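Heads up, the next two complexes both have subunit A, just with different partners, subunit B and then subunit C.
Let's turn to the complex of A and B:
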């Protein structure tokens, strides 16, 4: 097997790892409700995991000052005063990880009041594991080109 | 350059400068009112001078979180006071007097302490003597225990009460004066000489309470409740709002400084879903509590903020935690 052919194979394997569709079992979308407690300067829970297609309802409860919640990528937001909890309902139709952040200035640390919405599985975790394995394989199996 | 041309140029330039500069100067001279959380000083300045009949221009900004601004007992739209932005508002006061302005967006446990006054001077056009609130004219002790000794087994239903109303001389109970001065429990005992069963009597009481309010009043009361009461008394009236824990904690701390006066522990918000307490309270009593506030507790005094009508609407709404009204 020539060196070039092996290299071509390796590149092909790399492309497969990067773009091959992962075996996903079809998930029926469901309705999910999260109650998020917003206080200076954090959300709890601050990480939400949903499946693509789920109808997500976020009930925002503020416990000190006026807070908001803006989901990056989805471009939707909600604002809650203490005592007047507000709800936000949307369909999680975009897969990926999205930052959500407070949308009203709630004090000095307001820019750091963030959380994360994850829609679907983290494909790139598995793909990067695949890449690492390929790299290790290539490192040991390929004849190193002597530089002289 | 010819002389007339020079003059006209000078004239145009000064005209433009004046047109832009004069309003700008006026705007810049209006002092900026800073809003901070009550713990950090509240409004600064917190006393504003004004004259009756003349417009008062205010510029507001916030130094920390979102606040709001409104003047008590005044028909006005509240404005938000946002950090980093300047909010302009122009007010006109018809009558001289001392008005209270207050924060309208919850900005922490001590939000309600964030108040200031506007002193409006001018000649009293028609001095109206303030009317005495009902709880004063009835000589009610609003701090006395007022528990109802009998409570219904289930939430009294105004719909069932309405069906009973035809066979009862209930109209004699329906006057606003009667409703406002009697607690549900008193009405319940007043009905004792009728042939109704206990639960029927409670249903009749619920109907009586419903007939003394309107859906509009209830909706207005609900809105006022959400904006001003729910943070402590909770959206469902159970007294476990988001600030209830903080209030209890703050209460304990303040009790320690009061040298063991533990009998004053009244810091937890009242549970409006508790029938024993609520069915023993007349509208007049609740009016007193809302007007004056719970001295020494976290309950603010609303007398300077709400109009009388707003307080009656609020009271009508608070009773809806006890009675099943027609939807």
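Let's turn to the complex of A and C:
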């Protein structure tokens, strides 16, 4: 296999890893409701799994100070006062993994008050691991580049 | 490519005033960060000390300065300045050979980076408090300044920078990957040079503050880019060069303290990614509540991962291939491969932390002490994560590049000539774990 052909194959493999659709089972969208307890400096539950297309309702209940919940990627948020609850409803139309985090300064560890929302499967994680495998393959296939 | 051939750059480096001007700005900023930490608002995200040290400075350091300029930060770091001025009895005036203070040589047993490793780990174990509590940041910054002054009074040169600074330790490690180096032009010139003014000083400048003889330097690790040797060399034999990335890591590590530094940084990045950026509140509680039983368990696990799990698995991995070279030697040599990947772990971790919190900079700029000021009209700037759509691809890119870079480094430093596949597997598994933690 010539150097150029191998390089072309590598680029094509990279494109496949990046963009090939992963197999998904068609699931009818549902309404999903989560009650999330927010306290310094954690959410409970802190990991949410929904399917693409689900209508997600989050009831944020703050048990100590004012807390917020901002969802990365969706750019939506809600705030709850101490002892109160607030509701956020959205359609989970973007698949992938997203952090949600407190948006109201709530104490020292506020910047690290973080949860995780996964919509469908975390495709990007699998694609990233695929890229890592390609990097190792590229290293072996192109020793001239690797050893220059 | 020799950058010091550029007349403007060379004259700027030889002249002490441009560096002094930067030093003074940095020193003022540093002292202000200490004061802000001690007297400003206790709310970290609105205090200059937290926002400018742990978000702005950290972003510049780990995303720009270290990868592209190596020890470029050390060249302008204000921490050693007051001590150095005291030690010399002067700020800019010509050197006086008479020692002003004790001027002792650092004992041989401390002439390594174990103290830096320990100091870094001490801060790392308290990092959840340090990163978020202004007065703790203020106290640590002040302690570093006073430690540097104290060591300058007792020992010769910059003992603090060289042997104790927790930041300098990892900057030195990762500066090996940077495309900038300070080196001599012609070794023979140094061999025949009388008096070695670059190391011992002369009428025109001071001896190397970092206790390094430039004539024997082959790595960036311990050169603080203070530029004093450029000023003192009577033969114009010192150059600042642009070079390919990672030129130094082609030379394997031959010291256990440096090998463990690679594991400490590698492991700390993974632990921080899990504890600080992960969704597990129990871990955050344990890391933050210093002194509790949970914290002691956290500290024990932290140290076990860094000193037992990661090096142990690495040792087991390299033991799967037979070699005539001693295991300790192979361990040290091949640990060099973790340097580029470790740097990229920190880049990926920092991207998330910095982009999420960068918007605090605007507010802290207008109200650095959290006292209700609005100097530039940005005190009420709303918090908003930045560039979240490109964050995951950028982190993947950093980690995949790091993995390839480490594989390449493993191949280059493999003196035993055995298979490096176990190192690749180790790096691949670590990268996959880091991806899982971040994505």
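As a convention for this text, the second predicted complex is superposed on the first by the 102 of 148 C-alpha atoms of A that agree within 3 Å, B and C clash if a C-alpha of one lies under 4 Å from a C-alpha of the other, contacts with A are read in each partner's own complex, and residues count from 1 in each chain.
Just so we're on the same page, contacts are C-beta pairs under 8 Å (C-beta built on N, C-alpha and C of every residue); 3 or more make two chains touch, one makes a residue touch a chain.
This structure is a prediction, so every number in the text was calculated from the model and none was measured.
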Check your understanding: Once the shared chain is lined up, is A:133 touching subunit B (first), subunit C (second), both, or neither of them?
Key -> second
Exercise. Check the residue A:81 against both partner chains and state whether it touches subunit B (first), subunit C (second), both, or neither.
Key: first
>> With both complexes superposed on chain A, which partner does A:22 reach: first (subunit B), second (subunit C), both or neither?
In response: neither
Problem set entry | Touching partner for A:105 - first (subunit B), second (subunit C), both, neither | both
So, A:66: does it touch subunit B (first), subunit C (second), both, or neither? first
Per residue count on subunit A, the busier partner among subunit B and subunit C is C
On subunit A, the footprints of subunit B and subunit C overlap at residues 105, 108
Per the touch rule, the subunit A residues reaching subunit B in their complex are 61-66, 81-85, 104-108
Note: in the complex, subunit C contacts subunit A through residues 43-46, 128-129, 132-133, 276-282, 284-285, 288, 353, 356-357, 383, 385, 388-389, 391-393, 396, 399-401, 403-404, 407-408, 411-412, 424, 428, 431-432, 435-436, 439
So, in the complex, the side of subunit A touching subunit C is made of residues 41-44, 46-47, 70, 72-73, 75, 96-97, 99, 101, 103, 105, 108-116, 122, 124-125, 127-129, 131-136, 138-139, 146-147
As the complex stands, subunit B meets subunit A at residues 37, 62, 64-66, 82-84, 105-109, 226-227, 229-232, 234-235, 241-243
